[in-house]
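Right after this note come the structures.
In the two assemblies presented below, subunit A is common to both, partnered first by subunit B and then by subunit C.
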Partner chain A sequence: MSSAFADIAFGGLFQGSLYAMMAVGLALVWTTIGVFNFSHGVLMMLGAYVAWQLIEIGLPAWAAFPLAIVAMGGVGWLLQASVVRPLIGRPNIVLVVVITTLAAGSLIENGALTVWGPRSKQLPSLIAGNTTIGGVGVSLHQIAIIVITPVILGALWLFLNRTRLGLAMRAVAQNEDASHLVGLNVTALYGLAFGIAASLAGLAGIFIGGYRFMSPVMGSDPLLKALIVVVFGGISSVSGPIFAAYLIGFFEAACNYYFGLYWTPTLLFAVLILILMVRPEGIFASRSRGLA
Partner chain B sequence: MTDAVAPAIPTRAVPVSPGRTPWKHEAIGFAIALLVLALLPLFIGDTYSRHVLIMVFIYAVVASNWDLSLGYGGVFNFGHLALFGIGVYAYSLLTKLVGLDPWLALFAGGVIATVAAVLVTIPILRLKGIYIILVTFGFAQLVMQIVISQSAITGGTQGLVRVPGLYWFDHNMIRDGKFAYFYIALGLLVASTIFLRVFVRSRLGAGVVALRDNEEYAISRGMSLVRQRMITLAASAFFTGMAGAFYAAYQRNASVDVFGMSLATIILSMVLLGGASTIYGAIIASFVLTVFGEAMADFGAWRPMITALLIIVVMLVYPSGLVGMIRAGWGAIAVRMKRTA
Partner chain C sequence: MSNPILSIEGVTAGYGRVTVLRDITLEAGRFGNVGLFGPNGHGKTTLLRVVSGLLKPQSGRVVFDGVDIAGESARSIVARGLIHVPQGNRLFPDLSIGDCMALGAFSPHARPHEEENREKVVKLFPKLAERWRQKVRTLSGGERQMVSIGTALMSHPRLLILDEPTLGLAPKIKDELCASVLEISRGGVPLIVVEQDIEFLLELSQQLYLIDHGAVSTEIKPGEKSLGHEEIMSMYFGH
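Moving on, here comes the complex of A and B:
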């Protein structure tokens, strides 16, 4: 019994951390710009490959990982400038951005396939080695993910709530017109939001690449999960999806344990549909849109 | 913007509002296009080209029906491909296990997809915009998971093979160079397009657009959101399901790939590249994307990249898609002709 509990607790924390890392970037872009970035999964994949490439040319992991994350910020900004910014102000922006980000994602994905080939690769773990907690064998890499994720998310919360720049971003999310009026550089803030989101996606890619084999199509499944987490948690805030990510992580871990891997996705979707019927705005949502 | 839960999806009045183009003009254009398509097999003899055209017709049916719910209805129905998949599996199971006549099964595919669409409408009646994506997407995943888990009946991830094909009296459907299948597919597209155009030009279609453009006002004028949304989704499901059934009959197999993200992405790009809320745009884009993709078959991995780049460029320059592009081009020609005259 204690083993079952440890299994579920650990599995839930681990999956929840990965989902939170993916979902928070998606939520950041949605809350500030009001569009869904369907290339978010591909950005995650690219982050992992950039890190792999940096290590391949001889950089140590402690330098390659941060460098890759910074580079992904640049990629995110570039992506925003090329396929999102020109469309801002267009009446059907939500739909058009769906297709432009999907297309950009396909472009990057196939580009990665051409550059790096379809052969699976793997990143070094954040920390090598294994240990046992409560009778469950776990790798230190997974422990590192469980520890680092809340730290990063906490830092993001501090940034959004305690710094001038973060407050400016929340202001843009709440009221774009008023932000223009008080002289905020809305375009730059949009770019920043997208850049941070891409960096977080890159970090998630490094997390996943360290314990699973990487392939150019590795981003599509996490993107779908992140999408579910974001809508489930309520798209009006950044904190809602984070709670939802852990909740879904635990739910999946429990389902895996009691009903088997086979039924978990079916159960998850059935429960999600039911909950959305009762609370259409997500379980943790408040009535207003803003970065809290 | 301040107290909105999610930003409403602002949409501008559609360029093609009911009654804009006189229906006679439209009927003439339709007849000419139909004639050209119907005569194509006489000039195109090889099986491969005919196969590409059949796929174009199937995609065009699915994409143009999606345009009804997504473009006209403004309902972010991301489970549209599940309706297609339901058609595929309904046909395969009915013909293979029950032994139903293939033509009846083709029709049944459409009916079952319509019933499924009505069922999925129930949970999304209270939802708005982006939330509908999750529920409809969840519905698609649910259908896929059920198909996979009931592998004793559906073949699971292996799929079903040797699904019975369609027949036409004593005509040999396999050795005629896809002649018969070409005309059946074309017939399906024609029936679907006439249905869709009549629907969106009718009062009912005008009501659907009214609810999309200004929900509060439309409701205050006595329109039922529930009824209209259900009708829109059900209407978009019938021919989608039939297209799925036809796809199964034509390919002679069924696989869970039809529920996958890649097919959904392709069809969605057809809807949006063509220009949402036009019906014809989706059909034109199906043709352009499919033929373009086949023409670049030698480019390997560069093919999807070029396609993606093309989609981005068109969407940035002409947000109303290929139809907007054609309109702009036509407008420029008309101006020039007037000047010279």
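Moving on, here comes the complex of A and C:
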């Protein structure tokens, strides 16, 4: 019994952390700019490959990982400037940006294939080694993910809620015209939101690359998961998807334990569909868009 | 008589292929406050959007304090101290009053005056001080309008534009708000006000423009004509 508890608790925390890290950037872009970034999964892949490349040229992991995350911020900013910003103000921006970000994602994915080839690679773990908790064998890499994720999400919360720049980002999320009229640099704030989202995607990629094999198409499954988490949690806030990520993580862990791996996706989707029939705005959503 | 702080010279503007303003010319600040009135849908709000940089004019000049600001970004126009309170009070529903005031002081020119402006706002709208941490969405219509105006005051205005500040407010709240707006004007900030409440507009402004079909159809300067409710109503509804 105690083993069941440890299994589900650990599995839930691990999957939940991973989902939260995948989804939070997607939610950040939606809440500030009001578009879905369909290249989010590709950005996770690119983050992992950039980190891998930096290690390949001889940097130690502790330098390569932060550097890759910063570089991804720049990539996100560039992506925003090239395929999102020119479209802002168009009435059909949501659909158009789905297409432009998908296209950009496809380009990046094929670029990665050309540059790094199809052969699977792996990143070093955040921390090497294994341990046992409550009779369950776990890797220290997984423990690191469980610890780092809440710290990063907490830092993001502090940034959004306790700094002037974060306040400006929350304002842009709520009313673009009024943001212009108090003198906010709306385009720069959009760029910042996209940059932070891409950095968070890069970190998620580094998490994934440390325990699974990397390939140029490794981002498509996490993108799908992130979309599910964001829709389920409510696309109107950043905190909703974070709670949803952990909830889904624990649900999956419990299903895995009691019903087996094959039933988990079916059960998850059944529950999601039922919940979205009752609360189409998502379980943690309020009616308006906003960062909190 | 002083120089106009704002003059709009032959501005044409619109949305897409629809032209709303046709070669409109007017000036503000020479005789005190300016009131704009006229039927809905004839370009008053569009004119204000051009002045504050939310909408780029197709042609014409907008001269604020001697500089042509037509086509400048809204951000740099705010930094010049030209502050626009838009119609309606859908500011930032999920921010607190305190957050809104901090945002109002976001522009670098306003930041050094943040403390002093906050005191002004609190003095003008003591109700806001009581609810400083409350979210805007939970406030009444009148309180939200106070937040809108307060946020604009935090931006350290040299010219304040109010677009229908009393729209949809109950009479008692309206009177309170009108008194506050008069108080702001007495404090030395010139105003441009769009308003449907003619009594309020007459009390507030020294110079009036009737905007009709995207242009000025009548200008009333002080001493030129006697301003009365009757005349204005007849301008509104035609002859």
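By our rule, the second predicted complex is superposed on the first by the 292 of 292 C-alpha atoms of A that agree within 3 Å, B and C clash if a C-alpha of one lies under 4 Å from a C-alpha of the other, contacts with A are read in each partner's own complex, and residues count from 1 in each chain.
Quick note on the criterion: a residue touches a chain if its C-beta (ideal position, glycine included) is under 8 Å from a C-beta of that chain, and two chains touch if they have at least 3 such contacts.
It should be emphasised that the depicted structure is a prediction, and the values quoted were computed from it without experimental measurement.
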Touched partner set for A:R164, first subunit B, second subunit C, both or neither: second
Which of subunit B and subunit C A:V182 touches, first, second, both or neither: second
First, second, both or neither for A:L227, with subunit B first and subunit C second: first
Which of subunit B and subunit C A:L156 touches, first, second, both or neither: neither
Subunit A: partner with more touched residues, subunit B or subunit C: B
First, second, both or neither for A:L123, with subunit B first and subunit C second: neither
First, second, both or neither for A:Q174, with subunit B first and subunit C second: both
Shared subunit A surface residues [contacts with subunit B and with subunit C]: 174-175, 177, 288
Of all residues in subunit C, those that touch subunit A in their complex: 52-54, 73-75, 78-79, 83-86, 90-95, 99, 102-104, 106-107, 110, 137, 151, 155
Of all residues in subunit B, those that touch subunit A in their complex: 1-7, 9-12, 70, 123, 126-131, 133-135, 137-139, 141-142, 145-146, 149, 261, 265, 268-269, 272-273, 276, 301-302, 304-305, 307-309, 311-312, 315-316, 319
Subunit B contact footprint on subunit A (complex, rising order): 34, 36, 82-83, 86-87, 90-92, 94-96, 98-100, 102-104, 106-107, 110-111, 113-114, 174-177, 220, 224, 227-228, 231-232, 235-236, 262-263, 265-266, 269-270, 272-273, 276-277, 280-282, 285, 287-289
Of all residues in subunit A, those that touch subunit C in their complex: 164, 167-168, 170-171, 174-175, 177-178, 180-185, 286, 288, 290, 292
